[in-house]
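Note that chain A is present in both complexes that follow, paired respectively with chain B and with chain C.
Up next is the complex of A and B:
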């Protein structure tokens, strides 16, 4: 257990160190880079270092504690936290939906080879559709699609787009995991005359866990991306994506502000992925350490 | 009473294709209840295939396999046999106790009954204090004993073993052979045992079935007259060496014709 704690501490230190390094690089370039950027044959290849293009790192952080708009009680931190919390809930919904669809598809593909051959290529194709193109379509369902008493709320569109990105790595990773059961174990279950369903739950799913965890982690961050992009491209109110566009519009007067929203979005992705890792640690606590792929 | 009856069984893999393999050709064998029979032969002789036909993990191309007086398929559905492989194949995510309970769970036994049986099996393989350990915390020999406990948990009348001690070192292996004989004597289980090792086959068996490849068939059956009680001293008895010589001659008889052609039979 002490090893686990030490590794976690090491990782945290490395994470903070990497962040600090990025900040140092940013500030160093800002200090030594040309004010007007560098141009070669009229094409700008180095960014400008002016206060408007590259605000100081400390300005970005101090911006959190100042009011969102002049004379307001509400700080940027409050606004970003509220926006991130809203987007977080949409992302969790998207992730849950994506996981449900992904695992169901993986089970169907593992059960029926025909389904796998027929469906898998389309899954790959689905991921080449640009999300930005899809977003307005899905968002337009908001308030228009009615199924009985159910009226499609606008936020659900953002979650669906999150799910659209999340389900793919989950389906592929789970499928690989379900197929990873050793032949001898499958024979053993056969020798017990165990049904396919019993083999699935008692053998295939437990074997698949080490494959499913990295897939779910990818799915969790993909869901955040889907939700934030959907918010940005459709201007859905309340989330971190909307804050990013709003703050970006103020970039000429208040360049540090937009970075606060970007940090909020990054933190959101980290929290989502971290939650999956936490579940992983709990689920895998009794497994041999070397069996984890 | 006959535990296993193999009647003129043939098995062809990839029939009609260029890579057709005659794994077994006209094999006939009767195993009496309580008997310990070993199948021995070079790689590719079909001994593992034969075991899988008895287990109904494979269907014969022709012929018939009868287990406990019923078809092999029915015997599998009724869980009339337990099986152990070269790899213990315990589930890493289950405790030792839960591994032993697996076949009982699948039979739909209730919790207290399962637990009582797991205790009984842990006593039988003499690892009562390891029930709550995880398999990867145990040595290879201990894991294999748990695998045997799992195979016998439902008290099947027949135990099918495919080189169960093949991955163990020599000392552990001889110890495990003694353990297996003790367990079988205590439970009266019939055993069909696949092995590569001549001394192992002779030490354990009432009869050793010598098989040869291409096509897989039975070439010789050696009766081992060592009696029921066997101990470490058995390995020094003249009858032990005589039986080893008999099996070796049986293997050599066909080995001359097939030397260098072996490929793995699994």
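Up next is the complex of A and C:
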């Protein structure tokens, strides 16, 4: 146990040190870099160091304690926290939906080769559709969905777009995992006359877990990206994506402020990916080490 | 192993339930809904038992540009007309006229040239009230660039937003005898004015009520104080003779023709909205507070500036607020026909049909307002003086 604690502490220290290093590099470049950047043959290769392009790190953080608009009790930190929490819930919904669809597709594809051959190319194609082109369409379709008492809420469009990005790595990763069961084990199951479903749950899913976890991590951060972009694109209110664009509009007068929202979005992605890792640790706690390799 | 898989699935299911549970509570925050409880006390002509639900699509986020609608909601003007109005904010990729044509909303705010382009493409939408009588688009540049008229754009880096907000720039270039493709460098502009301040853009597109204020809220590094109007040259497209009609209320042409109840709702909606605008003309600061209370992130002095500048675009309204002036309409249509874009094409390929706008609805609405004693021409209107603070706060 102490080992675990020590490793966690080490990781935390490394994480903070890495952040501090980024801040130091940022400030060093700002101090020594050319104010108007460096250009070679008219192409800017060195970024500008002006207040607009690179605000001081402490300016960014000092914004957190300021009121969001003058005279309001609500600080920027409150706004960013509330926005991140809102987007987090949308992302979790999107992730859950994406995971459900992704795993279901993977199982179908693993079961029926013809499905795999037919569907997989479309999955790849689906990921080349730009999200910003899709976002207004989903909002528009959603606006017309009314099934009985169920009225499509606007936030659901953002979650669906999150799911749209999340399902792909999950489907591909899970499919790969389901196919990874050793031939000898599959033959053993066959010798027991185990049904395909039995084989799926007793053998294929367990061997797939090491493939699924990284896929789910990718899916988790992808769902955050989907939700944030959808918020920006469709103007959905309340989340961190909306805050980014709202604060970006103020960049003329206060270039440092938008970074608070960007930090919020980054933290959100970390939390989502971290949550998947935490679930993995809990699920895998009883699994012998060598089986995971 | 079976167990661990089950745990994972149970976790996902639990998470989705949790989200479904949490999500519901925030629906109210998504859209701003009118509280209609006070409608019974309002001096309505007929008693209002079930208000008609109406959805209005804005072009952008909550700001004083749309103050009239929020004021009508806040002051109960919509409720007085027995309407339950939901105001839907815009987004980067939300096209109001498309939302209207798709039937997602009942009315939409859009610029005339953009909406006419959509109409030509098949969207049956009709201008029923021209709220902004004048164009608020500027091209702002630093004094030392010497850009005081569209002719001076030659050889300069001209910022524009795209998305149909650039038509006046092209119209001015065409009028000045310049080819947008060769004689100027067009630069895609962000939603802020950093490009102008850091020198990437010689002249930046700006609305009088928004982006121009943003530069006046920024610190001039040379002086340590805010930039002032003396630091800039401003080309006004309205003054250059290429101003195009902007914010107007659009309705579905199909429903206007076939649905008498919708046409009736349109009259009431326009009347109450214009009443809201009249309220904002006379109560500039109250309207700023209404907009701020609706959750605008831009600061108080910025919103007051915006309210004041928007009022200037609406008032005075000689023919009555919202009335579509034939001459201004024709000019907008003409410019849309003649204006060449980068590819050499024009905004419109043929003149808009006569059904593209109607003054029937706004005329009836103005009659309602006359009955209520609302001043709809604002002939005595005088703008206020607004002092901007740093960052618009």
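Criterion: the second predicted complex is superposed on the first by the 274 of 293 C-alpha atoms of A that agree within 3 Å, B and C clash if a C-alpha of one lies under 4 Å from a C-alpha of the other, contacts with A are read in each partner's own complex, and residues count from 1 in each chain.
We adopt the following convention: a residue touches a chain if its C-beta (ideal position, glycine included) is under 8 Å from a C-beta of that chain, and two chains touch if they have at least 3 such contacts.
Keep in mind that this is a model prediction, so the values were computed, not measured.
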item: Partner chain in contact with A:144 - chain B first, chain C second, else both or neither; value: second
item: In the superposition, chain B vs chain C on chain A residues touched; value: C
item: First (chain B), second (chain C), both or neither touched by A:274; value: neither
item: Chain B versus chain C as contact partner of A:34, first or second or both or neither; value: neither
item: First, second, both or neither for A:193, with chain B first and chain C second; value: first
item: First (chain B), second (chain C), both or neither touched by A:86; value: second
item: First (chain B), second (chain C), both or neither touched by A:121; value: neither
item: Contacts of A:184 with chain B and chain C, given as first, second, both or neither; value: first
item: Residues of chain A at both interfaces, chain B in one complex, chain C in the other; value: 202, 206, 209, 286-287
item: Residues on chain A engaged by chain C in the complex (per definition of touch); value: 36, 48, 50-53, 68-71, 86, 89-90, 92-93, 95-97, 99-100, 132-133, 135-136, 139-140, 143-144, 153-156, 159, 201-202, 205-206, 209, 232-238, 243, 245-255, 279, 282-284, 286-287
item: Residues of chain A defined as touching chain B within the complex; value: 182, 184-185, 187-188, 190-194, 198, 202-203, 206, 209, 286-288, 291
item: Touch list for chain B against partner chain A, complex; value: 52, 55, 57, 76-77, 79, 81-83, 85-87, 89, 91-93, 102-103, 105-106, 134, 136
item: Touching residues (chain side chain C, partner chain A) in the complex; value: 1-2, 4-5, 7-8, 11-13, 15-16, 18-20, 22-23, 26-27, 29-31, 60-61, 89-95, 98-99, 102-104, 190-194, 197-199, 211, 214-215, 217-219, 221, 292, 295-300, 389-393
